[in-house]
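These notes open a run of structures that come right after.
One chain, subunit A, appears in both complexes that follow, with subunit B as partner in the first and subunit C in the second.
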Partner chain A sequence: MALRVQDLKVHYRTLRGDVHALDGVTFSVADGEIMGLVGESGSGKTTLGKSLIRMDSRMRHVGGTVTLDGTELPIGDTEAMNAFRFSDVSIVPQYAMSAMNPTRRIGKMVRELVESRKIRFSSVRDELNRRLDLVGLDRGVLDRYPLELSGGMKQRMVMVISTLLNPSLLIADEVTSALDVSTQRAVALALAGFRDHDLVRSMIVITHDVSLVYQIADTITVMYAGRLAESAPTDTLVSTPRHPYTQLLISALPEVGVRYGGKRLTGIAGSPPTLLDPPSGCRFRARCPLAFDRCAEQPPFVEIADNHRVACWKAV
Partner chain B sequence: MGRYFGRKLAIYALTFVVAVTINWLIPRFMPGDPVRAMVARAGLQDPAGVAAMREYYTSLFGFDLPWWQQYLNFWGELLRGNFGVSLWAYPKSVGSIILAAVPYTLGLLLPAILLSWWAGNKFGAYAARKKVLDNAVLPIWYVLTATPYMWLAILLAWAFGKVAGLFPVGRSFSASLEPSFSWLFISDLISHWFLPFLSLFLVAFGGWAIGMRNLIIYELEADYAHYLGALGAPQRLVRRYAFRNAVLPQVTGLALQLGVIIGGAVVTEIVFDYRGLGYLVLEAIKTSDLFLLQGIFLFIVIGVLVANFIIDVVYVLVDPRTRVGMGSGS
Partner chain C sequence: MLRLTGVSKTYRTGAFGRGTTDAVRDVSFEVRPGEVTSLIGESGSGKSTIGRMVLRLTRPTSGTVTFEGTDVARLSGAGLKEYYRHVQGVFQDPFSTYNPIFRADRVFAMIRQSYFPRVRDDEWRERVAEAVASVNLNPDLVLGKYPHQLSGGQLQRLLVARALLLDLRLLVADEIISMLDASTRIDVLNLLADLKERGLAVLFVTHDLSLGNYLSDQTVILRHGAVVERGATEKVFGDPRHPYTRTLLASVPRLGTRWEDLPVPSSGIHECATPLDEVEEGHFVACFDTDGVHHGRKSESV
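What follows is the complex of A and B.
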């Protein structure tokens, strides 16, 4: 097991109280696995991604552990985490369009970043060039400024930088949100390519786009309101989802080749609960068509089949 | 890049022509008749003598010509480097009077502008990351930057000159001394220079420090700073990038503030009776010496334009984004 997350709890401090953005999350990612993490806005998926590498100043590690390759990560201690960032855990951020310093040539920025981590730039230069070739970027981009690159080029450049030190775990946070559909596919395949070339051991791909992770992920984990709802191998989750939320999510997707002339695509009625003071029991209860008395009690996240885990009383 | 600077130069040339024209107009709209003042100073009793003297001065300064002729002559003399003769210090030439005063004004302005800019940026950036310090000094900076130059000058002259008696107030150096390269003269010069310098420095410093503080806070929240942090880059690198990027708007700010600081220097010199261009402005106004006034304003206009051009060039050198814009034929 490359990554093991045990009962992780992360809260946001606000003036009105703590927001329970991650409320006891347990999962693991195997060596070589690409895990897709899907959920709607505010479900805690980005919080989970950030918690694994760098919490922002409002986030507080309340409980739980994160173990990577047998070593526990000091995720609550931003200074101690520095030793693991980039080399063990790395991230391709949401904001790849503006992730590079606009007033530095890209090559110079990479050199300064690498050297600031006490690594000789000459030892990674050849690898850097190879990876530019891998993602189809001209080596000349290193002499250019970020604003001379197109959006897709910046996205690929950031992917090259983030994976330069062969991290055990790469977090790809909404990497395709800012791209058009044709570029999205290229970026998704490039991500999978990094894993296939063994440059990155395992990967968590955070997105709200189920059809995107379907193309590259080995397993998919669905989050709802700060908790995990369901987790299964990709095909299982898409073909036989067991959690009512996952079922509704999958049924809301348009299918390729099917004409929707007279029919309206359905969504899920209602909206997720506020996490400032989350309701007890199953958090999907208020929107769930199958809800019954027992849902007032929080359902455990249990394995119902091989590698298929669900948090729902109806599925147990 | 050649096209860019060509266009810039054209704009500066146009600004120069407009400024010179306004400069020529303003003294002529001022109340008071300079010739009558000169004649009165001669103290003649005989009406015929007064009339003859009047006529002599009027034709000497070209006041009998039509206004457009005067304007064209003004440009002609200007291009030959002749700024005319001063009425206040007749018959000295305006050029020689200004040249004698310029070292004092530049000696005041250059250190005040450059040091306040440098120190303001450093302190502002430092305060941006120390919460306690920031809360303590920010109100002080707001008060400083909102203070009018001459008011702070009066306050300093009163506190350090009159009450504490640490520094002399008035003149650029003691009236009893002759300019020379002696220790006595130089220390006297510095003690006269210090208070006017300090008043200019403090007001400008507050503004730069506030600007830099805000810019650094903004830059440290920029995406590239978060990305570097997520990749474990030390704070030192992140701060270095943030500082370099935050300095760019401050360079532009310097160009915008130049005129204000020079205006501040003029009133500060008047408060301290410091014998630079500001002092000359006051004397020229008091004696309706329009040639001297024209000459000084012209000198200030040229100074501001040259300084702005230098800043334009510097900006292109320090911000790669402006160079990229030029490359794509904008």
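What follows is the complex of A and C.
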């Protein structure tokens, strides 16, 4: 079992109190698995990704554990996590477009980065070239400045850098949302290629777009207001979702081929609850068409079929 | 109603403006009342520049934009103000459109100041409530709120309501959905469909093919500033002729179809300066090559 997250709670400190951005999240990612993590803005998906590698100063680890390959990660301790970053856990950040140092040629920047980990650059040089080929980048990009690359090229370059030390876990946060459709396909497939070539053991792909992770992920996990709503193998989640939120989310997607005239789609009324003082019970209750008395009590996240977990009283 | 004829826009670039960039090249199409026309393109395709030229925020370098027979570029003073009474735009980022230190409904007051200074207070309140209700918002819940208290979808719908206070005939909607969450974006899309039912014309600028397909009657596909394919939406999406349109359609992630089942055509994109070819009634395609065979009108050397 590559990654196991147990009842993870992370809060943001604000002047008005703690924001319960992650409120008891439990899941695991198997070896070789690509997990798609889907949610709306403010659902806590980016917070989850950041918690696994580097918490910013406003984030506080309140409870729960993260175990990677049998070792517990000291996620609340920024200094101690340094031993794991890049080599065991790595991230392709949101807006990776601006993640590279604009004043260095890319090759030099990679050298400095690798050497900061006490690894000789010459020992990874061949591997670096191989991976540039893998994602379809010319080796000449190492002599160029980030400014000279297009968005899709930069995104692929950051992917190559992030995975250079063969991490056990790669977190890819909205890596394609700033790209054009045709580039998006190439970048997403390159990402899956890292797993296929065994360069990255497992991967969490964070996105707001279900149809994107449908293309590359083995399992999909849906987050809502700081908690997991549903998690299942990709085809199961898309064809037979059990949580009302997942069902509504999927039915609200306009598809190529669906026309407003033929089938008018509907959104989900209302908006997610504020996490400053989250309501008790099921957090989707206020927007849920199926809500009943029992929803005042928080539904457990339970397995209802093989690898299919749902947090809803109606699905149990 | 709105007609673009051979519109081009060239920007000067580089030190001292020595270089030039053709943002839009010889674009022609028409927007009719009661129809949604989608302008679909990737970044750098010139789709937003076209929207800006229609709104007269930028002037075309050559070609004309006419609205009900009047050349938009020639408007000034009272004529321009009258134009904006009928043509309004809503843009991508609803959060930066509002001034965060004022209440969100200040945007309505500004319309009143410039266009309806003589309307009495109670009548104005009634009109605002009516416009807000027509974008499917509850006036009691949104009026008097600050921008940070409202969701992106609500802010975006308020901007449409603001345009509806005027005698709106054409709405330019530039990527108005892309910053919204999946659960709320569909409500804004449906709102645009409602405007269309009321006889308004909508110019819907987007990079998202599935959104364009859901809503629009006419589709214009742009690449590097030029039209590659245009026509009725069901023709362009149902029977795409140009390899670029096919590439775009094959690249959109969709539920139910995996990418491996949708091959991307190996490029046959061929640029030429000839007019679009009408392959069937109302379906125009730019020239391209397949398997070394040239399709479209005979072209000069590129």
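Here, the second predicted complex is superposed on the first by the 309 of 316 C-alpha atoms of A that agree within 3 Å, B and C clash if a C-alpha of one lies under 4 Å from a C-alpha of the other, contacts with A are read in each partner's own complex, and residues count from 1 in each chain.
Note that in this section a residue touches a chain if its C-beta (ideal position, glycine included) is under 8 Å from a C-beta of that chain, and two chains touch if they have at least 3 such contacts.
Keep in mind that this is a model prediction, so the values were computed, not measured.
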Subunit B versus subunit C as contact partner of A:L147, first or second or both or neither: first
Touched partner set for A:L212, first subunit B, second subunit C, both or neither: second
Touched partner set for A:L290, first subunit B, second subunit C, both or neither: neither
Which superposed partner A:I53 touches (first subunit B, second subunit C, both, neither): first
Partner chain(s) touched by A:V62 [first = subunit B, second = subunit C, both, neither]: neither
First (subunit B), second (subunit C), both or neither touched by A:L253: second
Which of subunit B and subunit C A:P93 touches, first, second, both or neither: first
Subunit B versus subunit C as contact partner of A:I119, first or second or both or neither: neither
Complex interface listing, subunit B residues touching subunit A: 222-224, 226-234, 236-237, 241, 244-245, 248, 319-321, 324
For the subunit A and subunit B complex, residues of the former touching the latter: 53-54, 56, 81-87, 90-91, 93, 95, 98-105, 112-113, 116-117, 145, 147-148, 158, 161-162
Interface residues, subunit C side, partner subunit A - complex: 42-43, 151, 153, 181-187, 189-190, 193, 207-211, 213-215, 233-234, 237, 247-256, 258-259, 264
Residues on subunit A engaged by subunit C in the complex (per definition of touch): 40-41, 151, 180-182, 184-185, 188-189, 208-212, 214-215, 238, 248-250, 252-260, 264-268, 271
